[in-house]
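Pasting the structures in now, so scroll down.
Two complexes, one shared chain (subunit A), two partners (subunit B, subunit C).
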Partner chain A sequence: MSLKLKALTKSIWVYHMSTGSCNNCDIEILDLLTPRFDVERFGITLVGSIRHADAILVTGALNLKTIPRIKNIYDQAPKPCFVIAIGACACGQGIFAKGPNTPEPVDSILPVDAYIPGCPPKPEAMIAAIVKLIEKLRGKK
Partner chain B sequence: MEEVSSIMKDLFSFLIFPGFIFTAAIGLVASWIDRKVTARVQWRVGPPWYQPLADLVKLSIKEITIPKNASKAVFLSAPLFGLSAAVLAATFIWQANIQAGSSGFTGDTVVVLYLLTLPAIALMLGSSASGNPLASLGVSREIKLMLAYELPFIISITVPIIKSSGLLRVTDLIAFQAMNGVFVSNVSGILAIIVAIFCMQAKLGLVPFDMAEAETEIMGGIYIEYSGILLAVLKLTKTIMMVALPVFLTSIFWGGFSAWKYVILLVVIILMRNTNPRVRIDQAIRFFWYRMTSLAIIAVLLAMLGF
Partner chain C sequence: MADKIIPIGPYHPLQEEPEFFRLHVDGEKVVDIDIEIGYNHRAIEKISESKSYDQVTFLVERICGICSTSHPFAYTNAIDDLLGIEVPERALYIRTIIGELERIHSHLLWLGLAGHFLGYNTVWMWAWRYREPVLDIFERISGNRNHYAMFKPGGARRDLDEADFPWIKKTLKSLIPKFDMFKGAVIDDPVIRARTEGVGVLTKQDVYDYACVGPTARASGFVMDVRKDDPYAAYDKVEWKVITQQGGDVFAKAVVRILELYESVNIILQCLDKIPKGPIDINIKDMPAGEGIGRHEAPRGEVFHYIMSDGGNSPARHKVRAPSFVNIASNKKAVIGETISDATIILAAVDPCYCCTERMAVVDHKTGKKVFDGQDLVRLSQEKTEKLRRKYNR
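Let's look at the complex of A and B:
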C-alpha cells in the first residue's frame, strides 16, 4: 500500500450534509466526536468547508429542493471524495419512500461508497462503516 | 568560489537547517502536542503523533479546486508567498540564536516584525481573490484583527529596545540579556511579554481570536476555498509561525531560545485556546486597543524610567 493511500486512510476529514433529515442522524454524527467515541483518534475531523472534505456524510431523504444543491456540493468537492449515506432515509428513503416531494434516493444521484442503515444508526455502526470503507480502500490498491 | 559557497550556505540554512525542514518538523510536533493536549483537556484520547504529517500528505494528493470567478494568479501564489515569508522569519530568528554575535544585521528585529505580518497579508490576498462571500467576510475580520493586534505588539517589542538603549539586532539583544539579566526579570519586561503573548495568540489565529476562521460560523472563513496542496501550504505556514513566534519572544524578552522556555509558551497558548470561547471582532478590537495598548504603553513608560 502506498504512503499516500495510507495517509488518506489515516486522515479522513468529513463534511456533514443534511438533505432534510429529522436532525436525529445529525445528532448521532456529532456523538462520534464526543469523549465516549472520539473519532479524532483515527484522524477523522469534521470540517466546515466542502473544499477540505474527503468524505461527505449525507443524512435525510433527498427532496426536490436539495437534489440540485447536493449535486452542486459534490461537484465542488476536491476528488478523491467519498459519499457515505447515513440513516434509513439516506440509504433507501425510509418512511419517505412514497413522499410526493422525495422522488429519488441518494444513490441514484451520487456514487455512494458506504451505507449505514438505522433510524438513527448507532455511533458504533458508523464507526464500523468507516472501518469497512477504509478496508475497501486498502483492498483496491 | 567564495560567493558560490556563501550562497549555497544561505540556501542550506533557508531550506534545511535551521530553516524550512527543521522548523516544519518542530512545528508538526508542536501542533500534535496542541491537538493531544486539547483532547486530554476534553477527556478524549486524541490523535496519534504522526497525525499532522498524515494530514499534510493526504492534502497533497487531493485535487486543487479553483473557483470559477477567482483571480487565478493571486489565488494560487499567495500561499507560497506567505510560506516563504514565514520560513525566512524563522531562519532569521534561529540564526540569531545559533550563531550568537555573527548573524543578522542592524535592524533585523524590524525586518522580522515585517516578515511575521506577511503570512497574514498573503492569506488575506489569496482568500479575497477567491471571490467567495464568506471568504471576504473572513478577510474583513482578519484585517480588523490585524489592525487591532499590530499596534500593541509593536509597542511591546520596543520595550527590550529601550531597555538595551537602542539595540536593534536580535543577536545583540540576546547577548545584552546574557550580560545584564533577562528582560522578563523587570516589571516592564513582564508587562510587555504578557501583551506580546496575547498578540501572538491573535497572530496565530487561535481561539479566542479565531474569528477570521470560525469553522462553526463562517465555515473556515479565510481558508474556505483552498483545497489540496494549497491548503497544506497554508497549514504548514501556520505550523511554522507556531515555532517562529514563541522563539522570537523568547529571544528578545527571555534571553534566547531553550527547549523548556518554548514548551512553557506553547502550553500557555494551548491552555488559553482551551479555556476561552471565541470573542466577537468588536470585543477583540476593544481588548487590544484599550487594554493591551494601555498595558504596553505603561510597560514602555516603566522601561524609560528604568524599571
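Let's look at the complex of A and C:
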C-alpha cells in the first residue's frame, strides 16, 4: 500500500454533500457525530471544505440543479478521494427514479466506492460501511 | 452606498441541505437579502401523478425527513376528506401519537442546531443526545428510526403494541427533566438572552403580511394552530394548550418550541391512556372523482395537501404547500437592518427545512466580490457569543 493510501485509512475526514435529498440521510450523518455514536473517537469528522476531505458522502437523488455543482465539487477534491453513496436515493435513485427532475443516478456521474442502502440507513450501517471500506483498502496491500 | 454581498451556500457546512442566500451588506449591517431555492427540487408533485394512492403515502413521506409524518398526515387527511370516510378511532389516536413524537424530535433537532449557530456546541450535543430516546421509541413502534410509514389512507398501517406503552411512557417522562434543563439554559442564561432577545423581530403585522405559520407566527403573538382551529385526528379529544409568546424575536421562537415539547409529551401520555381498542383501518375499494384537502400542524407550521381525483388509480393533481416555504420569505423582514453576525441565527430561527426549500454567501455591494462564506458567518456568530461570554464572565 502506498503511503498515501495508508494515511487515508486513518482518521477519515468526510465532506457531506446533499444533492436533493429528503434530509433524513443528512440528519443521520450528523447524528453520527453526536454522543450516542460519536464517530469522532475514530478520527472521523465532518469538514467544511472539500479541499480538506478524504471522502465525500453523497446523499439524495441528483437533480438538474445540483448535477453541475456536484461535478464541480468533486473536481476540486484532492485525489484519492472516496465517494460513498448514502441512502436508497444516492444508491439508485430510490423512489425518485423516473422523476422528471432527477435524470441520473450518482454513480453515472461520480466513481462511487461504497454504497450504503437504506432509507435512511441506520447510523450503525454507516459505521459498518466505513469500516468495510477501510478493510478493503488495507486488504489491497 | 457601499453594497457588499455575502453568499451563503448552496453547499455550506452547517445546513444539511443545499439552498442559497445572498446577503447584501453595508459594513456590518444587512441591507437586503436574496433567497434562491430549488436545489432540492425533485418534482414530487409530478411523480405523485404516476403512483397509486397507496404508494403516494410513501412518496410524500420522502418530501422531508424531519417532517416525515407531517406530509403523510396531511395527505391521508386529504384522501379521507375526498372519500368522506370516518377513520377508525384507534387509527386517529395512533396518528396523533406519531405526529407528536415527531414534533419532539424535530424541536430538539432545531434546538441543537440553534445552539451550534450560537457557538454553544454543548447544547447541540445534549439536544441531539436526548433526541435519541425518541428515535428509539419510533424504532420500537415502526422498525425504522425515521420514515416510520405509519400512515395509510383510511387508517394506520401498523398497530401499536400495548405491551410497549409502559416503556414508552417511562421514556417520555424521563425526558421532562431534560426539557427543564434546556428551558433553564435558554431562559436564564444571560449570554443566550443577549444574543437572541430583540434580534430578528417579526411584529404581528409582519407575520400577517408574510402569512407566516407555526411557531414563527405563534412567537409573535398569533394564536394559530391547525390542531386547535380545525381539529382532526384525536387533537380534540385530549387537553392541551396552544403556546404563544409576544416578543417575535429569536428568543420568543426558542421559548415557544421548548414549551411545545412539554405539550407534546402531555398529548402523547393522554393518548396512550385513552386509546380505544378496535380496527386500525378501513378498506378503500375505489376512488371516486372529486377533490380533497388535508391539513396538519407540522413542527414548522401548517402543511396543506390538495388532491384531485378523476376516478383513476393515481391523483390527477397533487398540490403540496409546506410551511417553510412561507416562513423563509419572512427572513427578508427579520434579517434586514441586523448585523451580519446575527444573520445565521435569524435565518435559522424559522427552522427552515429546505427539502421543502438550502445555501448562503456575503457579497460586496460595490464590487460584487464574495467577502464571507457560510463558514465565516458561523465563525462570526460564534465569536460574538464568545465576546459576550467574557463580558458576562461566564
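Note that the second predicted complex is superposed on the first by the 135 of 141 C-alpha atoms of A that agree within 3 Å, B and C clash if a C-alpha of one lies under 4 Å from a C-alpha of the other, contacts with A are read in each partner's own complex, and residues count from 1 in each chain.
As a convention for this text, a contact is a pair of C-beta atoms (placed from the backbone, for glycine too) under 8 Å apart; a residue touches a chain by one contact, two chains touch by 3 or more.
For clarity, every value in this text was computed on a predicted model and none was experimentally measured.
Participant: On the A-aligned overlay, A:137 touches which partner chain: subunit B = first, subunit C = second, or both, or neither?
Facilitator: A:137 contacts neither subunit B nor subunit C.
Participant: By the touch definition at the top of the document, which applies to A:7: first (subunit B), second (subunit C), both, or neither?
Facilitator: In the superposition, A:7 contacts subunit B only.
Participant: So in the superposed three-chain picture, is A:79 touching just subunit B, just subunit C, both, or none of them (first/second/both/neither)?
Facilitator: Only subunit B is touched by A:79; subunit C is not.
Participant: Regarding the shared-chain residue A:22, is it in contact with subunit B (first), subunit C (second), both, or neither?
Facilitator: The answer is second: A:22 touches subunit C but not subunit B.
Participant: Identify the partner contact of A:116: answer first if only subunit B is touched, second if only subunit C is, both if each is, neither if none is.
Facilitator: A:116 sits against neither subunit B nor subunit C.
Participant: So, does A:31 touch the first partner subunit B, the second partner subunit C, both, or neither?
Facilitator: A:31 sits against subunit C, while subunit B stays out of touch.
Participant: Please indicate which partner A:48 is in contact with in the superposed arrangement: first for subunit B, second for subunit C, both, or neither.
Facilitator: Both subunit B and subunit C are touched by A:48.
Participant: Once chain A of both complexes is superposed, is A:40 in touch with subunit B (first), subunit C (second), both, or neither?
Facilitator: Touch partner of A:40: subunit B, not subunit C.
Participant: With both structures superposed, pick whichever of subunit B and subunit C touches the larger number of subunit A residues.
Facilitator: C
Participant: A:106 in the overlay: touching subunit B, subunit C, both, or neither? Say first, second, both or neither.
Facilitator: neither
Participant: Of the residues on subunit A, which ones does subunit B touch that subunit C also touches?
Facilitator: After superposing on chain A, subunit A residues 35, 47-49 contact both subunit B and subunit C.
Participant: Under the stated contact criterion, what part of subunit A meets subunit B in this complex?
Facilitator: Residues of subunit A touching subunit B: 3-4, 6-8, 10-11, 35, 38, 40-41, 43, 47-49, 51-52, 54, 76, 78-80.
Participant: Could you please specify the touching residues of subunit C with respect to subunit A in the complex?
Facilitator: 10-13, 16-18, 38-44, 46-47, 50, 58-59, 62-66, 68, 109, 112, 124-125, 128-129, 132, 145-147, 353, 355, 358, 374-375
Participant: Across the complex, what residues on subunit A touch subunit C?
Facilitator: Touching subunit C: residues 16-31, 34-36, 46-49, 60-61, 63, 65-66, 69, 73, 94-96, 98-102, 119-120, 122 of subunit A.
Participant: Which residues, counting only subunit B, touch subunit A once they are in their complex?
Facilitator: Against subunit A, the touching part of subunit B is residues 35, 39, 42-48, 50-51, 53-55, 57-58, 60-65, 215-216, 218-220, 223-228, 231.
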